[in-house]
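This report refers to the structure that appears directly beneath it.
Letters are used for the chains, namely A, B, C, D, E and F, taken in the order the chains are written, and counting of residues starts over at 1 for each.
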Amino acid sequence: MRILIVNPNTTATMTATIADSAVRVASTDTTISAVTSSMGPVSIEGYYDEVFAVPGLLMEIAKGEKAGAQAAIIACFDDTGLDAARALANIPVVGICEAALATTSFIAQRFTIVTTMERSRQPLEHLVHRYGMSGRCNVRAADIPVLSLEHPSSHARDKLRLEIRAALTEDRAEAIVLGCAGMADLTAELRNEFDVPVIDGVACAVKQAEALITLGLTTAKSGAYASPVSKRYTGLLEMFEPQHMGGN
Amino acid sequence: MRILIVNPNTTATMTATIADSAVRVASTDTTISAVTSSMGPVSIEGYYDEVFAVPGLLMEIAKGEKAGAQAAIIACFDDTGLDAARALANIPVVGICEAALATTSFIAQRFTIVTTMERSRQPLEHLVHRYGMSGRCNVRAADIPVLSLEHPSSHARDKLRLEIRAALTEDRAEAIVLGCAGMADLTAELRNEFDVPVIDGVACAVKQAEALITLGLTTAKSGAYASPVSKRYTGLLEMFEPQHMGGN
Amino acid sequence: MRILIVNPNTTATMTATIADSAVRVASTDTTISAVTSSMGPVSIEGYYDEVFAVPGLLMEIAKGEKAGAQAAIIACFDDTGLDAARALANIPVVGICEAALATTSFIAQRFTIVTTMERSRQPLEHLVHRYGMSGRCNVRAADIPVLSLEHPSSHARDKLRLEIRAALTEDRAEAIVLGCAGMADLTAELRNEFDVPVIDGVACAVKQAEALITLGLTTAKSGAYASPVSKRYTGLLEMFEPQHMGGN
Amino acid sequence: MRILIVNPNTTATMTATIADSAVRVASTDTTISAVTSSMGPVSIEGYYDEVFAVPGLLMEIAKGEKAGAQAAIIACFDDTGLDAARALANIPVVGICEAALATTSFIAQRFTIVTTMERSRQPLEHLVHRYGMSGRCNVRAADIPVLSLEHPSSHARDKLRLEIRAALTEDRAEAIVLGCAGMADLTAELRNEFDVPVIDGVACAVKQAEALITLGLTTAKSGAYASPVSKRYTGLLEMFEPQHMGGN
Amino acid sequence: MRILIVNPNTTATMTATIADSAVRVASTDTTISAVTSSMGPVSIEGYYDEVFAVPGLLMEIAKGEKAGAQAAIIACFDDTGLDAARALANIPVVGICEAALATTSFIAQRFTIVTTMERSRQPLEHLVHRYGMSGRCNVRAADIPVLSLEHPSSHARDKLRLEIRAALTEDRAEAIVLGCAGMADLTAELRNEFDVPVIDGVACAVKQAEALITLGLTTAKSGAYASPVSKRYTGLLEMFEPQHMGGN
Amino acid sequence: MRILIVNPNTTATMTATIADSAVRVASTDTTISAVTSSMGPVSIEGYYDEVFAVPGLLMEIAKGEKAGAQAAIIACFDDTGLDAARALANIPVVGICEAALATTSFIAQRFTIVTTMERSRQPLEHLVHRYGMSGRCNVRAADIPVLSLEHPSSHARDKLRLEIRAALTEDRAEAIVLGCAGMADLTAELRNEFDVPVIDGVACAVKQAEALITLGLTTAKSGAYASPVSKRYTGLLEMFEPQHMGGN
């Protein structure tokens, strides 16, 4: 199975962390291809950054599909660009937030997402609601920049721990979902420390992508995920016209 | 009052229709500036097109704010890029879908949005849900391309009429919301024809924007609409780095 | 534009506060007519008072409509009698709670209403739910009588401030909605003090009423707001028979 | 047990129908006192009529409580004035809609209310929502005036039957709730005819009122049902000042 | 009226407590028959125990119905086996949780269930949601074993009191629902102590069962409560084949 | 990986169908052990049958866990006994309904479950609601007995096809979920015939179980899934006492 993982944050060290997490759980017959988007913000922190991360992300998904990928993963916890990617691609596309929530729902009734920036809390609350989990899933923000996670010596990880502790006591969370792809390397350590299930969305998404490939399932194209209609795009983004990108 | 209207569809004739509708309802002390985005799809039909409409839209909003606009309107019924625009701008930003729904809620308990393409139905259903109207507002699609509305001789308007009739009889709709900025010029005609309130989001958004200016209200910046953080954007979209666009 | 504001609290000093707030934001071509209801409680505090405020309110709306008003505003934050007023009147009718919530929804994702009496909290929670805002709007009560707001020297305003502070810290409110028409004169002062958007429903309702007039929209009459049926009313309230009041 | 039933429709023949239904199910140790309100509309059809039915209703409840009633029933399916009555009275107050829905919930998972006028449908849908039954209870209107039910020879009953049949086939209703106090005398006949449970709210309310009396339960007074505050009421309705009616 | 109460906890002293509570509120023409299930757990604490309580419960209901019972009550606050019992029996079946919530809804807008074990909290939250009360009813657990309630000298009752106090102050509960059949004997004492309505589900269920009998209502059989289909059951539970138990 | 699949329907031919579906999608390093429960109904059709299917199911899960299974699957679309199984087992447990819904959510926005008996529709609607999918997933019943699916010559499969066709046209379903483990062998055929994604819960559950094993995740034990407390079980079911079954 050939799975493409796109990091829409244009920071290669973060992609390395993501790839490590993915490879660790992939099946022996799975090839993981983790790529860093070549255009957009070095880290996605809120609604504005999301906008500029999506074109590069879609470019990589289109390239990956042409190169033979059988499923694609979007490695940002906001599930950035997921709907557009599903419309564009013929292969299934999985977001790490939706994968984490679906997986956690099999092992816990109540759980909490701990994310980075305060400004990401509401976008995640909207996702939780859309994915049907609002009755059982809280969102907390540790108030740390995304890239601060790259530095083990920073205080960011301490703030993350404080918020996990609050989730366990105040939210009665039975499991913790790590709300940023850049936290993937902390999973094992935090499981040991807190002795509860700690869920990394990247790893979950790999297993969900493998599942879809094996089950022979791909995005239904009869509704909002119909392939984009050929048309003229003006200006800077002309190269993204559907007819150039593999749409109808 | 100086209000900027951005048409994120890069079709100037459509912008003219929008501007007409806006000017007709603007206060005498309001200056409407309607601009066509200079980059992106000629019409927005579904999730994929939305992505590529947003950078050009944000560019116009940033320019407009610098030039003295006191409020901005996004003239696409998907409320394309609304969250990012609110994070970027210091002036209030209004979407035509949210403006239409809020306005209609004062005059009818149950109403129906009639939009163009089938693939736009689900994005609008998500908006209806997010705006708290799902118990009272249906969405219907007339299955017509957006730009077909530009041609009075086309069959598109007949299909639109059929769907309005279905909404009145099958949904018990008390009012009809026109689900595309390109329908703005049909409002008066359809009101006469069906003898029910017919609502055009462009006109509603002008009045909501004027209201916010007069009330001295602008986007709260303490949550998800905090100004974007300065950071590096790589590649094609580098010019949109927050620090170049008026962010922090 | 001629807008009628009815204060269903029969306290003329409160009507003066309301009129001040309305006039301050009205368009130059708008005439505000603010009247005090001539029958009912001096202040509306809870479900029982509401009942006896409505007949006088409806009387003023019927009179105002006959006198040429083009829209009516109900200046009590419980949106007292709003449904009945919409059924009776042919002009649009706006409640200050619904106007405040709709307006605030354009500038904040999460906000809190701060009202007066504890017993008004649940009626407002029901309105918030009905208006589709329960996921994003809390209600708090400062536990102060409505008319205590009339006396600047009283402790009421201090208690109000305490509750606003709690909303900002505990509810993560990004904006504060003043939950009583009698608080309208505090808006500017509280904005300065707390440096967040503070919303007065009276001012919002004026702008919404102007919007409806300009947009040529009035209450849809095909559902629950159909004009009342002529019939006999017995006893004390006979004068309110629909056929006397302008119904069918 | 002494139970007061107030018919807020000022039509004595309708009260007789209600009393019949009540007496048929009352316990042997229960005394039913059914009174017709002395002021207000002869029939309640929509929001406007509701307003003018409530003062007379509250008057009868206050009188009944003083005369020794241990519980009160409001015999109009809109649960007209229920919240105000609970605030005023120290005895428990039961609405026939809420009683019907609570009772039906013990015997069916999915059911339909069949009411009279189209304009009553939305008020009932709001009640269904408030009582937590919107996932399992539809509302249908037979499009008949309330008082037409008084005439066995009219076509009203045929239209009612048509709507019941539609509920059973189209809504998959397992039980039918009669959505008007004036339908109480049809219960047995319709049960036989359709061979499904047919529920009359008047009878249900009698049993719920007896239950509350026996269980020693009365309205909690710590929230929105706190007794009304003494204050001045001006004009026509002065006699309803809380201090005259038994409030604090 | 002949009402069967089945205690699915196989602890006879607990059944005695339940019977006491039932007899105290039963009508003079009602005969209460309270039986202890002969198979299953001595106390039901969580999902696992529930499973093994149901066969014995259903056996007693089938026996009771054959012996002439006109309604059955399941005396465990999880409403254990309620759906299966409704499918099996032709007489109406009432759960004590649903009876308590329905009854409380007539006297309070906001209330809290205080139950025993932490592990019972989520099952009860699911019931509260299913019964349409999630907006107004919290669930708290006193963290005490069910059978500890049998010993007046234990600390269990103190922990229960602490949790009630927290419900009144932190949840703004206007009434307290006792979340375990084994608490029935504490009702009067706790009402006096806290001076708020305290509701015992057993007593409520008796009144609801009497109501259904008098109203001539029994479970609708056209949906999920259709009588079980005759078929082979293998192994230990063969005796429960529908054809042996009174099914079709 | 060693995965146990328990068919709680005691029909061995159905287990063979289930095992076929499971083996077809299992990873090469997965061993599937599919067992038929040794006690209970030959087919589960509604609430009553469910009760008697669970003890046998739990027995097999406990045996399987002792024998080294790393995850268990409950192969009945009602997710029969899932909560109790999660409390009992230390290995993760997956229901085929929840697995099917989670998997389908990655490829379609709107989908329909087509099940067998009308009486199973409401239990499935409750599951859909609990799993957070009620806004996007309908349930239809083909009105066929479960075991009729075993006979390729029967009319059952024709009725199933009719209902699928109705789902695609009337519900705008983009994908079809087969609502019975006994339909697993029809998946490929129906995909070809209708050219939309057709989802079999058994296959989905295998992939979800493999995912949980690889991810090192098992049921959180801090809430309602805490291990059952040791205690006495009386009568026929004594052998299921938690202390005998591996509970605490």
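In this text, contacts are C-beta pairs under 8 Å (C-beta built on N, C-alpha and C of every residue); 3 or more make two chains touch, one makes a residue touch a chain.
This is a predicted model, so every value here is computed, not measured.
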Touching both subunit C and subunit E, which chains are there? A, D
Interchain contact steps from subunit A to subunit C (minimum; 1 if touching): 1
Would you kindly state whether over half or under half of the residue numbers at the subunit A/subunit B interface are used by both copies, giving same or different? same
When the CA atoms of subunit A are placed over those of subunit F, what is the turn angle between 0 and 180 degrees, to the nearest 5? 180
Distance-wise, how many Å sit between the C-alpha centres of subunit B and subunit E, to the nearest whole number? 53
Separation of subunit B from subunit C, taking each centre as the mean of its C-alpha atoms, in whole Å: 28
Identify all positions of subunit E at which a residue touches two or more other chains, and write them in rising order. 109-110, 122, 134-135, 223-225
How is the touch graph of the chains shaped: line, ring, star, complete or other? other
Mind giving me all the chain pairs that touch? A-B, A-C, A-E, A-F, B-C, B-D, B-F, C-D, C-E, D-E, D-F, E-F
Going by the contact rule set out above, which residues of subunit F touch subunit E in the complex? 10, 38-43, 45-52, 54-56, 58, 81, 83-84, 86-88, 118-123, 126, 130, 145, 223-226, 228-229, 231-237, 240, 242, 247
Applying the document's contact rule, which stretches of subunit F touch subunit A when the two form their complex? 25, 27-29, 92, 94, 98-99, 102-103, 105-111, 131-135, 172, 174-175, 191, 196-197, 199, 203-204, 207-208, 210-212, 214-220, 222-225
Contact footprint of subunit B on subunit D as seen in their complex: 122, 129, 134
Within their complex, subunit B touches subunit D through residues 109-110, 135
